[in-house]
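In what follows, chain A forms one complex with chain B and a second complex with chain C.
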Partner chain A sequence: MSYISDSKTPPVRDSRLKIGIGFGGSVGDLLRASGKGRLLACDRSFCQVSACQLHLTLQMVMTMPDSVTIVHGASGCGAQIHTQDFPIRSGSAARGVKRGELIWMSTNLGERDVISGGEGKLREAILLVDREYRPRVIFVASSCAPNIIGDDIDEVADTLRGEVAADIIPLHCPGFKTRVVATAYDAVYHGLARNLELAPRPHEDFAPPNGLSRDIDEDKREYARRKARTVNLINASSIGAPDERELTELLRAIGLNVRVYTEYVAADDFRFLTEAGLNVSMCAVHDDYLLEHIKEKHGTPYIISSMPLGIAETREWLLNIAARTGDMERAEAVADAREAELRRGLAPFLPQIKGLRVLLSGGVIRVAAAALALKELGCQVVAVRPYHYDDLSDPIYERLERECPGLSVNVAPNQAFELVNIIKREKPDVVLSHGGSGVWATKAGAVSVPLMSPNQNYFAYTGMYELARRLARATQNDALQRRVGENARLPFKTGWYGRDPYSYIEQDRAFE
Partner chain B sequence: MSIIERQRFSCMLGGAADAVAAMPGAVPIIHGAAGCGGNLFMASYGGSGYCGGGRFGGNGVPTSALTENDIVFGGIERLETRLRSAIELLDAEIFVVLTACMTEIIGDDVDGAVGRFQGCGKTVFAVSAPGFAGNSYAGYEAALGGLFKRYIKPSPADCRHVNLLGAVPFHDPFFRGDLEEIRRLLESIGLTATTFFTADQTLDDLKKAGSASLNIVLSPAYGVALAAELAESHGIPYIVSELPVGAEASAEFLRKVAERLGIEGAEAVIAREADRYYNYVDRALDLIADTDFMQQYGIVVANANAALPYARYMRRELGWLPRYAFVTDSLNERQREAVEAAFAEAGMEGLALVFETGTTAVRKRVALDNPPLLPERYGDRLSPAYILGSSMEKELAAQLGAKLLTASFPITNRLVVNRGYAGYNGGLNLLEDIITQFVSVR
Partner chain C sequence: MKSCIVEQPRTACAIGGFYTALAIPGIVPVLHCGPGCVSQSAALLASANGAQNAHPFNEHIIPCTDFGEADVVFGGGERLRKNIENVARSYKADMILAINGCSAEIVGDDNEEVARGFSGGDIPVLAVEAAGFRGNNLYGHSQVLKAILNHVEPTGKAVGGQVNVWGVAPFYDTFWAGTLEKIGEALTEAGLAPNIIYGRNGGLDKVKAVPSAEFNLLLGPWVDLDIVRLLKERFGTPYFHYPAIPVGPTETARFLRELGEFAGLDRNRVETRAKEGEERYYHYIRRSLLWVYRCRALPKRYYINSGASTALSLHRYLVNDMGLIPCKIFLPEDVPEEHQERVEGYFRDVELDSPYDVVFTGDGGLAAQEIAASGRPKWSLFYFGSVWDEPLSNNERIPFLSVSAPQGNVMAMDKTYFGYDGALRLYSDYYEQVASKGLRTS
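This part shows the complex of A and B:
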C-alpha cells in the first residue's frame, strides 16, 4: 500500500476496503455479508442527503494553525465552513493552540471555468493567499466539478512551488468519488504525507553525531530509549480536547511521553511525528492509511484497536499499549485503580440508567464501542446505526456479536427515514445520536443525547462517568420531546411507520 | 465570477434547495452527489442564526446520490428510482428536482425524466441549479421561478392580494419575522399576501399567488428579474421597494403600496402605528438619551437586501452617522446599479457605498481610510462606532473598538427564531437589540 508515494490521488475506500452504506439485519448477518463482499451492492432505492468527503477534509485540515485553505470548486463547496469555523476555533483554544480567524477562499467556479478549465483561477487564488496572508501552508481542496473537467491541481501546485513562500498541499476530495465520508482521512493523510516533512532535519532540528563529541553509541542508545518512551496519539475532529486530555493522562500515568497528532498541529511540528516509538490510533476507522505509511517509511509500529470507550475497551486499549512499551504491571495497576474509582463514581447513577433502552446512530466504530459501554452500564441496546460499514470495523463488530448476539444493525449515512421508523417501532428511551440525527429523534418524540461532541468527554474513565451522568440527566425530563413529538409534523406518510424500516434497501443478496 | 474570500452565500443549488424546502408541501430532490445537500445545508444553517431544515429540508432532503459510475454512465436511472420512492414515501405535493454541477456537466436529460412522472398525481418538475451557474440568491430566484412556471397558474387578478418577493430564506436570516410583519402591515390596509416562506403558508397560499394584483419585491437585487418575467407570464405588475425597517420606512412603504393599488385609509393606519411605535421608543429614551449610546458612527456590512435598510434606520430613526455601507454579495451589473440607485434615492450623504465581497478587504478599506492617530493630543477618529454586520465582522469591531450587532449572514452567535427587523415591530426589535449590546456587559 504505497499509494502515498506513488500516486497523485489517494485511493477511495470504496475500492481499498470492503465497504457498504446500506444494510438492515442482525450483526451476525452483517459480518457474513461483509465478509463475502456483498455489502457494497446493497443499494437504497430511496436516499437522503448526507455529507461528502470535502466536508470532513475541511474539518481536519483547517485545524492546522497558520494555514489558509482554498476550496477549488463552485461557491457552495466550502460554504459550510461557516458552521465549522467555531468548532475549530474553540478546539484550538481548548488545546492551547493560538488561532485567529479561519481564512478560506473559493475559486468560485463559473460556467466559463467549467468549459475552459479552472486552473488559472486556482493559480490566481494561491498567489493572492500567499501575498495577502503569508500562511505557512496553503491547502487546496478540490471538489467535484474540477475533477470532472480534469483540472490538475497538483500541476498548478508544482508550477507555483518556487514562487510562493507557503507549502502548497493539494487535497483530492470530490464527493462523487466515494460513498464514505471517512475516505476524507485518506485524502488528508495523502496530502500531508506527500507534502510535509515527517522527520527532523539534521543541523536544524538536531545536531548529528560528528565523531568529536562524547560516546556516540551511548548517545544512540539514549536516543533510542527516549524515542521508545514516546507515544503519538492520533486524534480526529470527532475526538475532543477533553478526550485527548484523559488519554494523555492515562498514558503519562504509566510513564510514557505523549504527543497528539495530526489535528491542531503546526506544519513544522510534523517533522517530529516520526520521533516516537509507537503510534496509537483513537478510532479504528481513521488512521490505517497514514500509520501504515509511517511504518513502511519510518519503521514506527502502530496500534489500531477500536476506541477507548467503556471500561473493558479502555482497559484493553491501555494494556495493548503497555504490552508494546513494557509497562504491563503499571498499566494494570492504573486500570485497576481508575476502574475502582470510577465504579464508586458511577454507583449513584446506575439505578436510574439500568435497563434504559438505547438506540445508537453515528460513526461505525463509535456506535459499536458506545453500545458495549452502555451494556456495561446496564442499558439495553436496541440497535446500532453506523454511518457505513467497512472491514476495518470487523473486530469490534465481532465482539458486539459475542456480547449482544442478534443485535440489529442498520448501516445508514443518517437516512432519517429509517431512523424515524425504527424509533416509532422500538420506542427507545434514549437515542445516542451523531450531529444531524438528534433533531429527527426529537421530532419522533425520543430523548436524544449527543453520541459525540468535541467539547465533551466520552473516552476512558472520566468519559464513562460523564456519559452516565448525561444519560441520567437526559432521562429525568422528556417534556420537550413529548411536546415536540405531539406537535411537529414529520415529512413521511403515516403508512411508512407500519412498513419494514429496510423496505428501501435492496439487500436480498446480502443474506444468501 | 471571480475568486472570493469567505463567500457569504452558497451556490445556486443551495439557494434553490433552501427555497423549495422553505415552502409549504414542497420537497427538493437533489440530482447530484449525496454530499451536496448536506454540505449546503450546513452553510445555510450555520450562517442563518441556526435556522433548521424543517419538514422537508436539511438532511432529510432526498437525493439521487450519484457516485463515480453514474458520472461516467449517466444518473437518470438512479434519479427516477429515487424520485419514485420519494413520491411514495413523503407526504408532499410538489417535488422539485434540482440538478447539481455534475449532472449538468454530464448532460443528464432531467426534463425527460421528470416528464415521465406527469400524471402521478403530484406536481413534479425540474429546475436547473448547478453551483457553477450562480450563487444561492440565483438559486432562490430559479426555484421560485420554477414554481410559478410549473405550479402557480395565472388567474384573474384579485385586487386585494399581493405577493412578497425578494426576501431570501436563510440568507436573509430574519426572513420569517420580516415577512410576517410586512404581511401584518399589508393586512392593516386591507390586503392579503402570499409570503411563500412563513410558517402559516399552505398550498392554497401558493396557488393564490397566481391571482395577485401586485408583486412587491423587497430587494433592489433579488427577485426583480423574476418579477419582470412574471409581469409577462402571469400579467402581475410589480414594484421594487427596500425592506422597510422602522417607523419612517414603514410609513413610506404603506403609502407606496396604497397609492399603487388605489387604497384609501393608509394614513389612519400610519398614524395609529406611529403612535404605538413612539410609545415604546419613549420608554427606551430614559436609557438612551442620557448616555453615550445616543450617537454613533455607523458601519453596515450586509447583503444587498439589508445594507440600505440598516444604514437608513441608523440615519433616519436613530439619528446616527452611518459612514459605510459594505455590500458583500457578488452582484451583476444590473443588480449593482439598482443598489446604487436605491442608495442615491435614499439620500445618504456622508456614507460610502462599497461593493466588497471579501472580509479582509472590508477591514483593509476601513483601516486605510482611518489610519491610526499620529502621536498628537488631538485628532478626530471613527469613534464611537457601531457595526451592523455579520459574525465575520468581529475583527473589524476589534480593530475599531466598535460594538457589533450581528444582523446579516453569517450569524453564528445568535439563534434566530421568529425575530424580524422589518416594519414597525422590527424597528422596535432592532432598537432593542442594538441598545442591548451596550448594556449586556453590565
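This part shows the complex of A and C:
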C-alpha cells in the first residue's frame, strides 16, 4: 500500500521499519537483535539531548527556491533556521540555483492558542505569506504543540487552496512522534509527493502525439529510449554539491543523462521527476519511501544500495546502475581507470595514515560506508556510532561484519556521554564525527575530522582522495587538539569513565 | 502581548532559558521537552550568535527526556526522575534544574513533584516551567533565575561594598561574557566588590552570596527588573537601576557619577576615573580622524533592529558621542507591555531633540521591510541588526553591523562594547563597515 496516496499523515519509522536507538556491542549481535525486531526495546534509562525531525525537515524543504516556510508552533520551533541561512545560500550557489533570502514565519503559538487551537493563526499566516511574498510554494511545518492539541493543518490548507496563489504543502514533523530524525525524509517526501505534480503536463511541457506526426511509433520509441537513458540521483542535505557533481560525472562517463532531485529543485521541475528510466538513491537511509511510491504510481524502478563511498562501494554502486542500463562494459572501464588514477594519487598519503585507529560517529549508512573506506586505506576502525539503526541498513552492516568481524557498534542519537567514555577507553587517533561530537573528541584529546560536509568531496574517487588527504593533514599537526585536551575540564565524574559506556542501555531485552 | 505571526523571530522560546543556568558554573539543567528543542535554541542563542558554546556542560550533554509519544500518552515524570538520578551520579553537578518545555506542560507533567522527591538530597533539585508557548527566552531566563534565587537562603548580614550585577541575559546578549568581566573590573576600580553569578568566575558560591549584597545593580532597560524587585522583597536589598549598559564617554561618566552618588563613593575617585577614560578614548579617536574624514559620504542616520538592552546602549552612544541621528528603532523581543512606556522613555533620554519611533514587536522582519521601502538613499544609512538583516544590507550596500541575536558569522570571544574601551571597538567596527561598503573613497 502507498501511504502517500492513502493517508494524510505519514507513518513514523518507528512503526514502518525495524528501528533502534540504543545498542552497544558487536556488529553481529546488532544484526541479530535487529533481525528479531527487538532493537527499539533497548531504551536508555538515562538520555541526553537528541534531535528532532522538525530540524531535518526544515533543512530539506528550505532548499526549494521560491518557497516560504511557516513553522506552526511556539516561536522557538524554527530558531535553528538561523544556522541554515548560510549553508542554503552557498548550497544554492554551488548548484547554480538562484535563491533569495530565506524567508520564514512562525505562528508564534501562545497560551491562548494552545487552549483554543492555533488553526486560525495558521490560516492568517498562509494568507499573509501569499499576499506579501507571492512564493510559488508555502511549506507548513507543524511542531509538537499543535500536534498534541490536535490542529489539523491539512484541513487549513485544503480550505485555503482556492484562495491563495501558492501551492501549500503541509509537513507533519512533530518531534515527539518519532525516536529517529530520519523520519523527516518520509515527512518531507509525503508532503512533496502529495502536493506537487510529478508528471509533465501535456501541451505545456510536451506536445502529445496528435496523429499528424510522420511516425508516431518511432516518436514513442525515441521517447522511451531517451527516458531509459535518464537517471535521477536523489540527494539530501548531508550530500553536498561536490559529491553530486562527482557522481553525475561518473554516470555521464558511461553515457547516461543525469538529473538531481529533490533538494534545491524548484517546484515546477518536479513535473519531470518521473521522466527517468531509473531512480538512484545516494544513501540507503533516505529515499525508500519516495522511490517506492514513484515505482508504484509511475513505474520507475529504483536502486537503493548503501553509499558510493570508498573504492569497493563506489564500484558496486556504479556497476549496479550499469547493469540496469546495459552499460556494464563502459562502467567497468571507467571504474578501472578511475581506480588506477586514485591509487596513484593516494600513494603519498598512505604511509602517514596507515594504521591510524579511527572511531566514527554519525549517520547510520555513512559511518558504515566510511568505515569500509577507511579499511581500504589501511586504517583500523575502532568502533562505529550510528545515530540510529534500521533494517534498511542491514546490507551494509552485513558487509561490515564480514570485513571487520566483531567490530563494536554503539547506536546512539548523540549521547555524548557514551562517546566520551568510548574515546577515553579506546584512545582512537582520529574521530570521524558528524556535527558537534567533534567537540568531545577534541576535549578528550583526539583529532577530529568531519564525517561529512556539504562543501567537500566524500563520494567516489575524488572523495576517497580527499578523505585520505584530510586524514593526513589532520594528523600531521595535532597541536590544537592536544593542547585543548590538556586544558579541558570534562563535565563527568571520573567514576563514569570507569563504568561500562553502555550501562544505561537496557540491552537484555534485545534477544528476548 | 505576543505578536500574532512573526517573521524570522530574533528570540528563541522559553526553553532557551536553560542557557542562563549553563552560564552559572555548577548548574546542570535537565530538560523535560522534545528531542530537538535544545538544538533549536542553541542555534539562535549560541552557535549562530557569536560562535558560543556552553562550558563545561555543553549543549550536547544536556540531559533531556527527549519527550516522545509514550510520554504524551502516559506522562514522562518517571523518566525525568530517572534522568535526574543519573545526573546526580555521573555529572559534576552542584545544582540540578528540572525544566519543563511545551509538551510536558500541555500534558501536565508535574516537574515540581519530581523535584520535591529529591529534597533533602546532596544536590538541590529545582523545578522550572519554561513552556515555549508562554514566552520567549527572556521569559525562560526570568523563570530560571527566579527558581534559583527563591532557593537561596538569607545570609543575615550585608558585606560592605558588595554589589550583585543584573540585567545582562547570558548567551542571548552575545557579548555578555566580556561585558560582565569589564563591568566587574569597573566596579572594583570604583571601590566596590562586584558579585557576578555568571561566567568564568561565577558559580553557586556567588549565587549563595547574593543576599549579602549592599545593593543590587541593574544594568539594562527591563530584563531582570523583576529579579531586583524579588531580591528587595526577599532580602530587603535596595537596587540601583541604570537603564543602559554604558557605552562611550558620555554614558560611562554619567553611569559612574550616578552610581557614585547612590553608593556613596568617593567623588574624586569617580571623577578621576571618568577623566582618565575620556582622555584615553579621545586619544585614539583623534588618531583616526583623518581616515574617517576621508570617508567622504558619511552616513548620518541609523536604524536599529535588536534587543532592547543592546539597542539602548548603542543608541545613546551613537547620539551622544558619535553625533548620529536615529531614523527608527525596532525592538523585536516582545518587551512586556508593562515596561514599554518606561523603556521608550529611556530611549528619549539622550542629548538630541529629534522625532523618531521606537517600535515594540516580536516580528523581526518589520525593520527590513520598512528600510527597503523607505526611499532614503541607502548610502546615507547605517543599519544595526542581526544576521537576518544582513541580506538587505548586502543587497542594498547599506553599512551594517550585526549586534543582536543571532549575530551570525561572528566570534564573540571576550568582545564587548562596554565603557570607554568598548566604545573604541564599536567606533572602529562602524567605520570599517562604512569603508568596506565602498563609502571611503581615498
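Here, the second predicted complex is superposed on the first by the 509 of 512 C-alpha atoms of A that agree within 3 Å, B and C clash if a C-alpha of one lies under 4 Å from a C-alpha of the other, contacts with A are read in each partner's own complex, and residues count from 1 in each chain.
Convention: a residue touches a chain if its C-beta (ideal position, glycine included) is under 8 Å from a C-beta of that chain, and two chains touch if they have at least 3 such contacts.
Model, not experiment: these values are computed from the prediction.
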Practice prompt. With everything superposed onto chain A, say whether chain B and chain C fit together or clash.
Written response: clash
Worksheet item: If you stack the two complexes on chain A, which partner ends up touching A:P413: first (chain B), second (chain C), both, or neither?
Response: both
Discussion item. I'd like to know which partner A:S106 touches here: chain B for first, chain C for second, both or neither.
Written reply: both
Discussion item. Quick one: is A:H203 in contact with chain B, with chain C, with both, or with neither? Answer first, second, both or neither.
Written reply: neither
Fill in: Partner chain(s) touched by A:K177 [first = chain B, second = chain C, both, neither]
both
Worksheet item: Where on chain A do chain B and chain C both make contact?
Response: 45-55, 73-83, 85-86, 100-101, 103-111, 113-114, 121, 124-125, 128, 144-145, 148-149, 174-179, 413-414, 416-417, 436, 439-440, 489-493, 496, 504
Item to complete: Spell out the part of chain A that touches chain C in their complex, as residue ranges.
Response: 45-55, 73-83, 85-86, 100-101, 103-111, 113-114, 121, 124-125, 128, 143-145, 148-149, 174-179, 413-414, 416-417, 436-437, 439-440, 488-493, 495-496, 504
Fill in: Complex interface listing, chain C residues touching chain A
2-9, 11-16, 31, 34-41, 43-45, 47-49, 53, 55-69, 71-72, 82-83, 86-87, 89-92, 102-103, 106-107, 131-134, 136-137, 362, 365, 387-388, 391-392, 406, 408-409
Worksheet item: Which chain A residues qualify as touching chain B in the complex?
Response: 14, 44-55, 73-86, 100-101, 103-111, 113-114, 121, 124-125, 128, 132-133, 144-145, 148-149, 174-179, 181, 413-414, 416-417, 436, 439-440, 489-494, 496, 504
Worksheet item: Which residues of chain B touch chain A in their complex?
Response: 1-7, 9-14, 27, 30, 32-43, 45-47, 52-53, 55-56, 58-68, 70-71, 81-82, 84-86, 89-92, 100-102, 105-106, 130-133, 135-136, 330, 359-360, 392, 395, 410, 412
